[in-house]
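Working notes, beginning with the structure itself.
Should a chain be cited, it is by its letter among A, B, C, D and E, assigned in written order, with residues numbered from 1 in that chain.
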Amino acid sequence: MLYRENGQFKTSYRADLQIFPILQDRWTILALLAFAFLVVPSFASDYYFRAILIPFLIMALAALGVNILVGYCGQISLGSGAFMAVGAYGAYNFFVRIPDMPLVPALILGGLCATAFGIVFGLPSLRVKGLYLAVATLAAQFFADWMFLRIKWLVNDSPSGSVSVNGLQVFGLPIESGVSKYWFCLTVLCIVALLAKNLVRSAIGREWMAIRDMDVAAAVIGIRPVYAKLTAFAVSSFIVGMAGALWAFVYLGAWEPAAFNVDVSFRLLFMVIIGGLGSITGAFFGAAFIVVLPIFLNQFLPFAASLVGLSVSTEAASHAELMIFGALIVWFLIVEPHGLAKLWSTGKQKLRLWPFPH
Amino acid sequence: MAFFLETLIGGLMAGMLYALVALGFVLIFKASGVFNFAQGAMVLFAALAMARFSEWIPQWTGLSNKVLADMAAFVLAGALMFVVAWLVEKLVLRHLVNQEGATLLMATLGIAYFLEGMGQTLFGSSIYKIDIGMPKDPVFILENTFQGGILVNKEDLYAACIAAVLVAALSLFFQKTGTGRALRAVADDHQAAQSIGIPLARIWVIVWCVAGVVALVAGMIWGSKLGVQFSLATVALRALPVVILGGLTSVPGAIIGGLVIGVGEKLSEVYIGPLVGGGIEIWFAYVLALGFLLVRPQGLFGEKIIDRV
Amino acid sequence: MTDAEHLTAARRKVGEVILDVQNISLAFGGVKALTDISFDVREHEIRAIIGPNGAGKSSMLNCINGVYQPQQGSITFRGKTFKHMNSHQVAVMGVARTFQNLALFKGMSVLDNIMTGRNLRIKSNLFMQALRIGPAEREEMRHREFVEHIIDFLEIQAFRKTPVGQLPYGLQKRVDLGRALAMEPQVLLLDEPMAGMNVEEKQDMCRFVLDVNDEFGTTVVLIEHDMGVVMDISDRVVVLDYGKKIGDGTPDEVRNNPEVINAYLGTSD
Amino acid sequence: MQAKALLDVSGIEVIYNHVILVLKGVSLQVPEGGIVALLGGNGAGKTTTLRAVSNLLKGERGAVTKGSIELRGERIENLTPADLVERGVVQVMEGRHCFAHLTIEENLLTGAYTRKSKGEVAANLEKVYTYFPRLKTRRTSQAAYTSGGEQQMCAIGRALMANPSMVLLDEPSMGLAPQIVQEVFDIVKDLNAREKVTFLLAEQNTSMALKYSDYGYIMESGRVVMDGQAAELATNEDVKEFYLGMGGGERKSFRDVKSYKRRKRWLA
Amino acid sequence: QAKEQFFPLLSYRTGPYAPNGTPWANGKQDYLKMINARDGGINGVKLTFEECETGYATDRGVECYERLKGRPGMTLFDPQATGITFALTEKVDKDKIPLITLGYGLSVAQDGNAFKWNFPLMGSYWTGADILIQAIGKKEGGLDKLKGKKIALVYHDSPFGKEPIPLLQERERMHGFKLDLIPVTAPGVEQKAAWLQVRQLRPDYVLLWGWGVMNSTALKEAQATGYPRDKMYGVWWAGAEPDTKDVGEGAKGYNALALNTAGTQPKVIQDILKFVHDKGRGTGPKDEVGSVLYTRGVIIQALGVEAVRRAQERYGKGKVMTPEQVRWGLENLALDQKKLASLGLDQVMKPISTSCADHMGSTTARIETWDGKQWIVHPEYYTADEQIIKPMVKAGADKYLADKKLTRRAASDCAS
């Protein structure tokens, strides 16, 4: 019985209201943070930073944002790619138009642009629900795709519509190397995750969940659906917009609207579902699953095949990758329909009982 | 005027083609409450099968009659879709009874990935041809009334007729048979349906089969228009506004939705597009659907969304 | 009911009319759920609504708290008359409610469910909540303390952190009540709070309702099919039948009203 | 039990979600043509027991991990619910579960899914309508928009449409007006007497349940803690006190019991 | 340490563009295999490669780049997609790895003084568009005859499709034709509205700027709306077998730019067949060897190999070149007709010679026509008009440098 809360009595509500009320969790999280901030940079190669960790962190951030809207407030959205795009292009415009614009304020302003866009496209949610809303939010997606291709001003008159940024720095420190980019993304992610966690365990988070679970009952206890839904759209699109700006600035460096196409929207939705709706940790699991797993499979499959003496073409490997990825999604869902985060907590629950079966 | 009519007719035709894909979504949603994300992949898979079988069957059997070979390919592809349906039930749906919509949606995503990989592995990822003898050249009608006549695409006309027949048949099936009722019951509440003896397994195999055949027909027609290749899966995105505008649960809604969206997007592209630089039809279709939803949140013919304490 | 019991009832100072329902009519398409219903509820009393299935009892509550908009009639609450109210306004005025078909927030824990009942009273804004600095945290703690009292009161301490969806039906009903109580309502509308409970659990539930009524002076409007409960704890009873009011009065009056016997109680007992 | 058991549940354990152990070895027998009541407080595991029998656990992510369930001597743990309906076992689920989008009549007709003869189904429909006249007047409204009691009647009626030989009733009286409750139990008695339908009945309304059943089991925290002939149970002092609210013989007023707090239980 | 020159091969064999990406990738691989088999590598340096599937998606492309860029013997990247090119342009500058984008990518990157690491070899969208206008002018009997004519650009609604617009507008100003822009939303499976517009506008010519499924769909819609295919001119990415094969007779008469010839006669293709396919080591199906995109893949790889060879001439024969040395090689390519002939490439491409200022090296192309079964290349060569393109490239590059706060390369930098 390594993992349990027995014997940890809380003597005040403050203690019980901590993010991680269980001692072991607190230590784990501290260790994890130390690991991420200090240990990882000491052994990870540039490839890991640039190709895996950074996209993972940024997508986890975006998934976190989407999870607020979809997982906590129950408003299924397929417009996340658009919110990312608005965040990216918004930040870009502030960055290039205002001389000496520092990076962090540009990101935040980009996030705010996404907030405004999100609120506008969130208005239909006051009337349209569920899958109907999900499909309707695709309007935002396709509109944004179109807007950034068509409105020259938004791309600083670049004829082809592709834009780029360089010379990123924070407080005078250049954000160029893989490690510095990684630290920067990780810091942003940690701060946002903390704020998001605070929100979802506060009154506003409970309002979102109430609206999600039973909106009529929520209204009866005095929750205003308009306020709850629109704040969810606002907060979510702010975070997603920031993630979009990071994706563009830090990961891609140069991008075209297609970098935020409808595929991205779908992938974000998948991340939150497979990770676990309504769970901050779920966003991390989901991002890992959807971002990292295919890359892993892509490299692992030829290797695995070579072990058994087969040589597979890239083509066959990519097809097999699709199949295995699909099969894994299904398999995980069958094991735990509520996502990886739930699987995780069930695992912990078992650990609590361990070594006794019941 | 002539041009307006041309656009209108073109829009109607395009709408019917969308409806064909939309139908697949509606069927599965109606019968199991699952939003089938794999519909696009099923269209692709079925079309790939059909295209390759019609190539291979003459090689395998020495059959030289093209029509017969095509027919055999259709049947074989249909059988393959049956196998898919059976496996989907056996390996996926059966284990996810009574789960939430989001979970099921995600599972169909897994199925979509799997089918895409499988399809390309089995049948190749190049571009293939389905030629079922659809006429490609335009015809002109009302040449006396309008100078130059009005252009109608014959291929689309045929396709529209096929779509209409399919929809009519399916509507009848849903309205007139006890199975139709059972399907709706399953969509409402898996567990309750089980408790009164509706065999979910059989129902799901049936529905996925029918959806598979619809996908095959859609794949055949779109494939003959576009060539059979991966992009076929993306026609699903064009069909989504149709589905929600018509209502997720309504078979006739797919047709009406298709017509509205088809006409709306073509007219907008042709008449509004040039003013704003063009390329608006896809988001316009979605905005149009959204506009309808604001008036009727369940789509034109969808079942009312139940909202009660 | 014995005389002694009436005495207890009398000792609680039943006050002025707090809620007055006037000529409410409500129809859904062809179905007339309510026809011209009027009754009043006095401060601190326990007012029961009874009637056969489909009589319109739940619909009546829905009208009072703004879920349904009656086609006719008005509702006066503390002297103010409303034709239409939305649920939010009603909640702000201090009317809370439980539901017949459990309307708990399934994905949330018991604690969070009850905490939502406090939401109207939370003053800190989004940013303060995100940062959880001083005032926001203190506020959260204050409400938490209040909610803990409710949890103690309802004896569901053991399930504090359990997702409500996993609780047995009877406990869910209690959580539903807890959520309503967390609003510190002046009027509490209860829709079959004791359905699906055995006698002992009903006794517990009665105790909760009576305590709330006694200690906080909360006015209670109660729908219940168990005549034992209704007759024992309510001060006055309204009887509905197919949307019409067929009786109104003290339990004894109602019990002896031939129309009520005919429509609802039946002769066997 | 004297008569040959139609249903024999022996020592089953049920675990939800791989971790929550709910039934800890429940055994019970239902004789052919009997009415057996399953009593117990909230969360005792009555619903879970019924789900285990009708094989509806899977949808709740629960599983029977120990013990066996036999119907007419045949192991049924691996059958689908539909197979069970084919064998005549139908469950009325707790919490109604009507098909929200279907009308009342459609709900009832889906209940007859397993039956072939149109004529019999029509006759059966009429029979249900005579049992519950209220359903007839509401036959064309969507189930979601009917009152709680109407939905409960619909759920019961729907199960009867399958012409079952055994019915698992989960809290049939919940939310029904007293008259209708009476009626439901009369129907149970009637079907039992005339059509030899067997009933397993999970019920909170203990007095009613004991009045109409032959045999009773009392559950608590996932175990059967007492069983016996219904008449015996009804006179047992403990049962009287805890389940019938008649400690000391007389029924207490709900107003008076308010002061006494702790429950006495057989198990801690 | 074995002497190996490593070629990362970014490709897409799945996804919407797989039919086009696959032969391209096959050509690239087969050429490397052939050089190893025929010549034993470059002056004894073996060529190695690894393919990485991008699925045409930018983020996967970046991942592939990051995965492969650190390999020993790293040579250069050819991302095979415009979106990936954008993202990599930012990165190669820091990592100092050359990026070749033959016939695609950024048109302004022709200016080697501004874009040190980008090599849009053999043509950009501006040169392509320019040549198409010239060809149309020729057909009309002179560029001055274009006055009053209507030309519609049906384009893939993405940076790829929008690149030619500035040049076409420039030409529009010069010759007085009217340019209509008709975007097609990616991937281009539904073009009814676009072609209805074409029918309404009745342009004299349609320029088709598509990729993947968009091309065959456009041709089918043209057929369905009765627009004459011989009035249609496609870019070189709309002129390969996958674009027309399943349209067949319906595309007869359709023209497209030919950046290279196709067919199995050229010596280089024969060599590939002989040294690779006949040995059973071919990458794709044998009957696709020599198709348009396959041959383009061969040329891309050949230029990469020649850049290495050129660099070896300066930095030491038989040595493994660093990416920086390869860059010098790319910047100093001088493949004249004789050299091409010796490489067996003389029938598939024109001579090319690059310099510090000009990273393109050649701006010639021909026109090809689909005869219902195959592509027939017309003999005459067109060369893009320097007068028009030079200033545009300069202006674009200057704007790029200004936006980025960068300066042009010093003359001394060219020597290194």
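One rule holds for everything that comes next: contacts are C-beta pairs under 8 Å (C-beta built on N, C-alpha and C of every residue); 3 or more make two chains touch, one makes a residue touch a chain.
Which protein is which chain? UniProt says A, B = Branched-chain amino acid ABC transporter permease; C, D = ABC transporter ATP-binding protein.
For clarity, every value in this text was computed on a predicted model and none was experimentally measured.
K.L.:
Hop distance check: chain A to chain B, minimum number of steps through touching chains?
P.N.:
1
K.L.:
Identify the chain pair with more contacting C-beta pairs: B-E or A-D.
P.N.:
By number of C-beta pairs in contact, B-E is the larger.
K.L.:
Which chain is the middle one, judged by CA centres?
P.N.:
Per-chain C-alpha centroids ranked by distance to the global centroid put A first.
K.L.:
Using only Cα atoms to place each chain's centre, name the chain farthest from chain A.
P.N.:
Of all chains, D has its centre farthest from that of chain A.
K.L.:
List the centre-to-centre spacing of chain A and chain D in whole Å, with centres computed as mean CA coordinates.
P.N.:
46
K.L.:
Take the average of all CA coordinates in chain B, do the same for chain D, and state the distance between these two points in whole angstrom.
P.N.:
Distance between chain centres: 44 Å.
K.L.:
Quick check: how many Å separate the C-alpha centres of chain A and chain E?
P.N.:
36
K.L.:
Taking each chain's centre as its mean C-alpha position, how far apart are chain C and chain D in Å?
P.N.:
Going by mean C-alpha positions, chain C sits 28 Å from chain D.
K.L.:
Where in chain E do residues touch two or more of the other chains?
P.N.:
Only 13-14, 22, 157, 183, 185 qualify.
K.L.:
Residues of chain B touching 2+ other chains?
P.N.:
Counting only residues that touch two or more other chains, chain B contributes 116-117, 120, 125, 277, 279, 282, 308-309.
K.L.:
Give the residues of chain C that touch two or more other chains, as numbers and ranges in rising order.
P.N.:
Residues 67, 99-101, 103.
K.L.:
For chain E, which residues count as touching chain A in their complex?
P.N.:
Of all residues in chain E, those touching chain A are 11, 13-14, 22, 25, 51-53, 55, 57-60, 62-63, 65-67, 70, 82-83, 86-87, 89-91, 94, 106, 157-160, 162-163, 165-166, 183, 185-186, 283, 396, 403-405.
K.L.:
Under the stated contact criterion, what part of chain A meets chain C in this complex?
P.N.:
Going through chain A, the ones touching chain C are 13-14, 16-17, 195-196, 198-199, 202-207, 209-210, 212-214, 216-224, 231, 235, 278.
K.L.:
In the complex of these two chains, what residues of chain D are touching chain B?
P.N.:
Residues of chain D touching chain B: 54, 56, 58-60, 80-82, 84-86, 90-93, 97-102, 106-107, 109-111, 113-114, 142, 144-145, 158-159, 161-162.
K.L.:
What part of chain C is in contact with chain D in the complex they form?
P.N.:
1-2, 5, 8, 28, 31, 51-55, 58, 100-102, 166-171, 192, 195-203, 206-207, 210-211, 225-229, 232-233, 264-266, 268
K.L.:
Flag every residue of chain A that touches chain E in the complex, lowest number first.
P.N.:
Spelled out, the residues of chain A in touch with chain E are 45-47, 50-52, 55, 96, 142, 146, 149, 156, 159-162, 164, 166-167, 176, 251-259, 261, 263, 294-295, 298-299, 313-315, 317-319, 321-322.
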